[in-house]
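Several structures are given next for inspection.
Each of the two complexes below includes subunit A, the first together with subunit B, the second together with subunit C.
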Partner chain A sequence: MKRTGFLLLAAASLLLAVEAGAATRPHYGGTLHVCLHAAPASLDPNQAEWAGSAALFGLLFDTLVALDDQGQSQPALATAWQAESGNQRWQVALRRGVTFSDGMPLTPDIVAASLRAMNPTWRVFSTGDAVIIERDSPAPDLPAELALPRNSIVKRESGKVLGTGPFVVTQWDAGKKLVVTARNDYWGGRTFLDSIEVEMGKNFHEQMVAFDLGKAQVVEVASEQARRAATEGRRIETSAPDELLALVFEREPQSAADSKQREALALSIDRRLLNSVVLQNGGEPSGGLLPNWMTGYGFLFPVEVNLTRAQQERAEVPETSVWNLGFDANDPIERVLAERIVLNARDAGLRLQLATGASDIKLVRVPLASLDPQVAFTALAAALGVAQPRINGSSLDDLYMAENALLKSQRVIPLLHLRAACAVSKTVRNWGRTRGGLWRLPDVWLAAERP
Partner chain B sequence: MRGQHPKPVYNARIREMPLPRAYCFRALCCLLLIVPATVVSATDWHGLEAQLARKIAAGTGPGAVFLEVTNRSSLSSADVDEIRRGLWTELAALGVHSVAADQAAATVQVSLSENAQNYVWVTEIRLGNNESSVVMVTAPRTEPAAGERPAVPLTVHKALLWTDEHRILDVALPTGTPQIMIVLEPESIVLYAVQNGHWQAQQTLAITHARPWPRDLRGRLVLRKDHLVDAYLPGVSCQSTTVAPLALNCRESDDPWPLGTDPLALSAFFTPTRNFFTGVLSPGVRKQTATAPFYSVAALPRDQYTLWIFSTTDGQVHLWDGMTDQTATKWSWGSDIAGVRSGCGPGWQVLATARDEGAGDTVQAFEIADREPVAVSAPVEFGGRITALWTDSDRASAIAVAQNSETSRYEAYRLSITCSR
Partner chain C sequence: MNLRHKLLVTLALTAFLSVAAVAWIISSLVRHSFEETNQQRASALIEQFRRDFARQGEDVVHRVETIASGEAATRLALALSHGSPDYGAYLNEVKTIAESQQLDFLEFVDGQGTILSSAQWPAKFGYKDAQSTRSVPREAFLKREELPDGAALGVFAIREVRVGDKPLYVIGGRRLDRNFLARLEPPPGMRTMLYQNLENGFSPKLLINSSGAVGTADPVVSLIQQVQRQSREVTALIHWSPNAADDETVDAIPLTGLDHELLGVLLVADSRRPYAEIRRQIRTAALLGGAVGMVLAVLLSGWAAARVTRPVEQLAQAARQVAAGDWHTQVTITSADELGELAGSFNRMTSELLQQKEQLVQSERVAAWRELARRLAHELKNPLFPLQLTVENLLRARQQSPEQFEEIFKESSATLLAEIANLKTIISRFSEFSRMPQPQLQRVQVNDVVDGVMRLFQAQLSTPERAPIECKLELAEVMPTIAADPELLHRALSNLVLNAMDAMAQGGTLTLRTRRAGEWAVLEVADTGTGLTPEECERLFTPYYTSKAHGTGLGLAIVQSVISDHGGRVSVRSESGRGTTFVIELPINTDKLQAGQVAAATS
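Coming up: the complex of A and B.
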C-alpha cells in the first residue's frame, strides 16, 4: 500500500515537474529586439514627449527617487531626503560612486542643473554631497515628483545628453532606431541583457508582423487587439488600467445652457459599450480621472449611461449648438470611438460632428504619469490643459474633493481607463512592468530554447 | 497617503544609512505577533470602525439612519460581517440607530474599497433630498497568508529564520552557546544573538567592494573552526576575526568558493561579474577537474563513491561520479539544487527548485535511482522566487531564500527533511 502510494506520488511529481517551468536563474547575454509606436525625435527628457517612450528613459537615465508598486518612494540616485520648514525646502542626499555613461562621476552640481532645466520655478543648488530644492509652496509630494521620468538626471554636454542608466547609446537614428549596450559599471549592477535594439515609429500591425516573424521579441499591442492576440496563442502582458481616455472641452462652460448640454453629453455616453464592443474590454469604464485601483474612491463617479436624464437636460436648452469633436486621425480606434460618441449624443438630442482640425471637444488619451495619486492627478490636469487643481491637504479626502471640483468644472468628461498591452516572446524571462506601466527592461533576460 | 505622516522624515531604511538592527528586530517581532491574527481576521478593524462612525455621526447627527455596507475590496465576507457589526456598535454608541429606509432621516452608504496601499472605506451620506456628502477613512492593507500542501512520504519542512526588506544571500547558524545567527546581505554581515527568546542584532560588519555587484547577486557563508566565518561574493572574499567584537576583512579575490566540507570537500571558481560558477573545480572529483558552467551542485554519497550533481547554466543536469559525466536534459529542475542528509531511505536527498506558474517557486526532494530523479516529497511552496539555496554547514539541512512576491521582502528558511514512510 505504501509502495503504491509512493509510486503514485513519484509519477504525479514527475508529471508536475515536466509541466512546471524550471525555476531558472537569470542568464546573462543576448540582444532584445523591441518595437515601439512612439518615435521620439530626441532622447533628452527635456525635449522628448515622454508619454509614449518612457520605457526608453529607464534604459539611459535614472531618477533620484523611484516609486514601488504601492506608490511608495524608494531610493535611486538619492539615498535619503528630508524636508524642512513646511515641506518647502528639501535636502536630497546623493548616492556615491555613480557615474555617467562617459565614466564621469555624478555630482550635486550636475543634478541641480538637470532639475533646474526641467523645473524652472524650482530653486535647486548643491551643497556637499546633497542638493537643496526650494519650492514656492509646500511640496509634500516632492519625492514622488522626483520619480517622474521627466525628472531623470541628465548631463548635457556639447549637444549630447548623457545619463547614469544601465545602458549606453551605441546607435541613435532619431525617431527610427535606438541601440543601447549594457554598462558593466552601472551602479545597480550590470543588466542581464548585452544590448537592446528598439525600432520606433512602427504601427501596431507592423509590430505584430515583426513579432510573428521573430524579428522582435517585445511589441506593443493595441488595447482592443489584446484579447484576440492572446486567443491566437501569443503571450500577452497587460498593465493595470493606466491611461485615461476622456473628452476635453476647449473652454470653460460659457452659459447655463452650455453646462446643461455638457451634462447631457456626459450622461448620454455608454462607456460600458465603448469598452466591451469597441475596445474588446481593453479598459475599464470610468467616471473619474484617476482609476479606482489608485484611489479606492473612483466608483463614486458614475459611469452608467442615463439617456432619460440626458434627454431631460437637453430639453431644458432651447437651442443647442453644434460641437466639433476632434480626435487623432492617425489612430483608427479613436475614430471608431468618436463615431460611437457622436451616435450616443444624437440619442440625447445633441449635435456633434467629427473634426480633424479645430474642435470644441477633443478625444484624448493621457497615460498616468505617476503611481502617487496626487502627483498623477496634478500631471493629468496639466496634460489635459485645464487649470491646475488646488488640493488643500495630503489626505485622500482632499484629493477626492479636488478631483470632484475639477469634474464639476465640466472641462473634462472621463470615459475609460485603458490597459497597455504588449506581446512578449516566450524566450523573454522576468518580463515585468511597474504598476504605472513602465517596462522593467533592466531585469529582463533571454532564455535559450530548452533542448 | 502622506496624510498619515504629517512630519517630513527621512525615507525608509537605506543601505547608506543603516537603521539599528534592534528596530528591524522589533518590527519582525511585531510582524510575527500580527501574522497569526491576520489569518483569522485580516486586521483589527476596531479603530477604523470607530473613526468612520465618528465621521458618519458628525454628518448625520444622532437619530435614525438607513445604513448599507457594500464590499468593493478583497476583504472576505467574514471580515465584512465583522466590520458591519462593529460599525453598528460604534454608531449606536454615538446615538445613531439603524432603521428601515422609509423611516430614516438619512441614508448612509458605506463602501469598503481599497487602493494600491490602503483599505479605503468610503461613506456617502444623504440627508433627505440634499446632495450627498462623502467621508472616508483609510488603513494599510494586510496580505493573507498562503496555505500549504498536505504531507507525503518524505516531508520537507521549512522554518522561517529571518526576513528583511533587503536581499538575503545566505544564513548560517553556528552550533554552540550562545546561539547566534549570521545573515549575509549585499553590503554587510549581521550577527544576531538570542536574547529573551528572540533574535537580537548584535553587530553589523560592512562588506567593502570596489565594483558594483552583478544583478542576481549571490553569496555564500562558510563557518570556520579557527575563526567565525568566511563570506564569498562575486570577486570578493571576506574573513572575520576570531574574538568579539568581530571585524571583517574583505579583499578582491578570485579564490574558489567552498561548496562542501570534508569528506565532501569541493570548491569552485565563481565568475566575478555574473551569477554562476565557471565550471573549474578545485580540487576536482577524482580525475575530473572541470565541467560546464553551473549554478549549483549537490553531493549524494554512495557506498563506493559520491555522486555529484551539477545544475548547469544551459539548463541541463550533469551527473559526476569521478569517472563519467552523464548529461540529463529532461529533468526540469530549476537552477538551484542542494544535497541534504536526512537519514531517510538512502540517507541523502537532493532538494531542487521548480516554478509553479501562478504561484511562487517550489522546492521538492528527489532521490536518484538508476540515474533518474524520483520525487520523494511534495513540492513545498514559497511565496515568490527562490533566490538562494545552499546546503547548510551541518549538511542535514539547507538554507533557502525567497523573495515574497506580495511583500517583496526576502525570507530565509531552513529546510529539513523528515521520514514519514
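Coming up: the complex of A and C.
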C-alpha cells in the first residue's frame, strides 16, 4: 500500500513537473510593448541623445566589446584585441560571419569608418580582418571605451543607419514610436521575441497608466515612486545606483570666500533626508562622483550633514553671494529637491534662490556611461562640463586621487546616486538588465497570460 | 454797441444763465443722489465681502475638519504616537489631499510645530511652523504664508487630531488671490482689488484684481499707504485717467491677522462712469437747451428790441437831421406809450425850433438891415458933411465975397470931387462884398502866396511916415501844394496884413508863418499890436463890425468868406496889449482838382 501510494505520488509529481516545465520553458513569438520617457529624434548613435534611451540602441547595434557586470571586457563584434606600443596602438580582430540588417557583411573598413565618425581624434584603419586603432596617448581603457553605446558599429547608406543588432527597424516615428522586428540571421542567435514596440516621450504617470491598463509590459518608474509602486503589488525591477545627482557650479571658485561658501553649502545639505523622504530611498547618499559599488572607495567621501561646520564656514565670509539654483522645471521631484537644498542652505546662512533660467548652480542628473570606473569617471566629468581629470594610472588609487582632486576643485557637489526602476509585467520572462542598467531585451520571452 | 445790441445781449445772457443755473442745480442733485447710492452700494459690497470672507472661512474650516477626521490624518497621527513617522510616505499624499479638498495650503504639523508634510512647500518637512504651537482658533483667520517663490496671503483654519498622546495639527487654507476676488461677484460698476501687504512700503506687483496684477497702481498708492499708516478704513476718489468717466470711488479696507497685523488692503471700487454719463447727458441737454434758448432769446430779444428801439432810432435819426439843418423833420407816432409821447414832444420841439429860427432869422435880418443902414449912414455921413459945408461955403462966398468966389469955387470943386470920389469908393466896397466870387481852384504854393503879399506890403511897412514895423517870415521849408484860388487867398492875406498894420500904429513886429498840420496847411499872421478883447474876438468876423474908427467892417468878413469858400477855417487868438494872431487852416484838397486844372497849374 505504501509502495502503491509512493508510485502514485511520484506519477502525480512527474505530471506537475511536466506541466510546470511547459509553463516556464522559453518560447519564441510575441510582441513586447515598452514605454520610455526619452524621445530620441534620431537612431544614429552619432547624433542621438544616449541618456535614457541606451536600451534602444542595444536592439539595433552592437559594439566591438561588451562589459560584464564586473566591468570586464568581453568579446562582442570583436573576438580579440591586443595593445601595442604602450597601449597607444590597439589591434582588434573582428568576428566572422556578422551581417548588417540589410544582409551585407561586417567589414573592417565599415568598422573603421564607424569609429572614425564617432572619434575624430582617433586614427582608425583596417588591415586584413582586423582594425587598427591608434591614440595620441596611452589608452589602457580602450576596450571599455569601445563598449560605450556611442561606439556602436553602424553602416550609413543613403541617409539610413544600419546596425548588426538582433532587431531591425520596421517603423520609426522620430521621438514617438519605434517598432523593431527580430532578425533571423543575427550572429548571436534569433531572439525569442518577434518584435518590440516602443512608445517614446511618455512621462512616468502616462507610462504607469499604460502599464496598469496592460498596454505596456515594461515601463520606467521614477526612483521616488518605485517603493510605492512595489507596495501596490507591481513587479518592480531596480538597478544599482547608477545615476549621479549633483550640484554643478557654473564657474570655478572666484575667491577664498566663494570657496568657503561652497564648502558650507556642501556641508549643509542633508543627503540622507533627500534620499529617504524626497526620493523614497530611490538612491544612495553619496559624497563621491562614482558609486561605492563601482569603486569600493566611495564611503571615504563624507555624506553626513554638518550644520555646525557649515555655519562656521559661512561665518568666516563677511558677505555672502546670492546664488541662483537652476533645475529642470518640468521635473516635479527636482523642484522639491531644489527647494530642500535652498532650505538647507538657508539653515547655514547661505542665500540660494530657485531659477529656471540662467543660474550659478545647477542641479543635474548624469547617468553612468560605463561599468568601467575610469571610463565612467571621464565620461561623468565631460557630462558635468568640468575639466577632464588627469588620471595618472589605471589603479583604483589613481582613480581615487583624480576624483578627490576634482571634488577639491569645488565645481561639483555630489548628492546621491539614483537607482533606475522599471515595472515589468508578470508575463515578461527572463527579464534582466546589466548592472549598468541596460535592459537585456534580447533574452526576454513572453509567457501566455493566465486569467 | 447800440441799444438794440445791448438789449439783445442782455436778454440772451439772461436766457443762458437761467439754463446754466438749472443745469447746475440738476447736476448737483444728481451728484448728491449718486453719491448716496454709491455709498449704499459700497456698504453693501463691503458687507457682501465680509459675508463671503466668512463663508470662505467656514468652507476652509469645514474642509480642514474633513481632512482632520480623514484616514490619512488618523494614520499619520497614529504613526506620530508610535514614534518618528515616515515623512516620505506623506510627501505627495498631502498634496493630493489638498487638491481633493480644493485647498491651496495644507500642512500636517506635530505638537512641537515640526512640519511633517506640506502641500504648498513639500521640501519643508522637518522644519518648524510657529502657528501650530499657539492656541488653535475655532474660526478661520488671515495668515501670511511663506512659499518657495515668496510669501502669499491665505484664509486658514487649524484643527487638532489626537489619537495617542501626541497631537497632530492639520493646517489648511485657501490663497487670497485673484480667484478669491473673482468669487466675490461685485454688482455691475463695482470691482475689487487686493493689496497684499507682504513687503515693507508699497510694491505695485502686490496689487491684484480678479484678472491678475493691476496695470497701473500709481493712483491708489497714497490710499494704500494711508491704510498702512493708520490701519483703518479710508475712502477716496481715484482718478485713473484724465477721462472723468474712469474715476472711481475707492473704499480701502484693512485686512488683519490674528495679531492684528496688517496683512492686506481690500479695495472696493465703485465706478463713477454712470454719474459721469448722467452728468454728460445733463450737460449736453443743458448746452442744447442753452443753444436753443440762446437762438430763441436772440430772435425774441431782437424782435422786442426792434419794437423798443425803432422809435428811439427814428428819433435819433430825426435829431441828426435837425442837427444837419433839416428843421422840418417830423417823426411818426406809432404808439401811445412813453415813446409815443417822446415822439410827440420831439415833433413839437422841432416845430417850435422852426418858428423860433424863422423869428431869429427875421430878427437878424432886421438887425442886419439896421446895421447896414447905420453903417451906410455913418459912411455916407462923413463925406456928405464936407459936401454940405463946401456947397454952403460956395453959396456964402457968392453972396458975401463975389470977388473971391472964383478962387473959392476952385478950391470947393476940388473938395467936392474928392469927397464924391470917397463916396464912390465906399459904394464900390459894398458892391465888391456883395459880389464875392467863387474860388477858382488850382495848385498853389502857400509859401509863394505869403511871399507875394509880403513883397506887396514891404514898401508900406518901411515908409518913414509911420512908425517902423519889422516884418518876419517863418515859412516851413516843405509845404504842400494846396488847391486854392491864389487871387482870393492873396486878398484875404492882404486884409489880415492891413489889419495888423492898423493894429501896430506905434510900430511892432509882423510875423507871417506857414506849417503843415496833417492834411491841413496852416498860415498865421501875427502882430504885436494892442490886441483885442474877448468880446471883440467873438464879433470880429461879423460883417460891418469894426473896432477901428474908419473901417467898413468888411475886411475880416471877406477873409472868412474866402477861407470858408476854400473849405478852411479861420480863427483868432489875442491877448490884450500883447498882439493878435490870425490862424488860417486850409485843406490840401488837391484831389479836388480836375485833370485839366492840374495840367494848367503844372504848366
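The rule is simple: the second predicted complex is superposed on the first by the 426 of 451 C-alpha atoms of A that agree within 3 Å, B and C clash if a C-alpha of one lies under 4 Å from a C-alpha of the other, contacts with A are read in each partner's own complex, and residues count from 1 in each chain.
Operating definition for what follows: a residue touches a chain if its C-beta (ideal position, glycine included) is under 8 Å from a C-beta of that chain, and two chains touch if they have at least 3 such contacts.
Small disclaimer: the values here were computed from a predicted structure and weren't measured.
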Report for A:L273: first if it touches subunit B alone, second if subunit C alone, otherwise both or neither.
-> second
Who does A:L354 touch here: subunit B (first), subunit C (second), both, or neither?
-> second
Name the contact category of A:W293: first (subunit B only), second (subunit C only), both, or neither.
-> first
Pick one for A:L343: touches subunit B only (first), subunit C only (second), both, or neither.
-> second
With the two complexes superposed on chain A, say which partner A:F192 touches: subunit B (first), subunit C (second), both, or neither.
-> first
Partner touching more residues of subunit A, subunit B vs subunit C, is chain B
Please identify the positions on subunit A that touch both subunit B and subunit C, taking each partner from its own complex.
-> none
Give every residue of subunit B touching subunit A within the complex, in rising order.
-> 1-3, 8-12, 14-17, 72, 111, 113-120, 122, 124, 134-136, 138, 152-153, 211-217, 273-276, 295, 313-316, 329-336, 353-357, 361-362, 364, 373-376, 378-379, 385-386, 408, 421
Touching subunit A in the complex: which residues of subunit C?
-> 87-88, 91, 121-127, 148-149
Note: in the complex, subunit A contacts subunit C through residues 224, 273, 276-278, 280-281, 336-340, 342-343, 354
Going by the contact rule at the top, pick out the subunit A residues touching subunit B in the complex.
-> 2, 5-6, 9-10, 12-14, 16-18, 20-28, 68-75, 79-84, 87, 93, 95-97, 140-141, 143, 184-192, 292-297, 299-300, 371, 373-374, 393-400, 435, 442-443, 448, 450-451
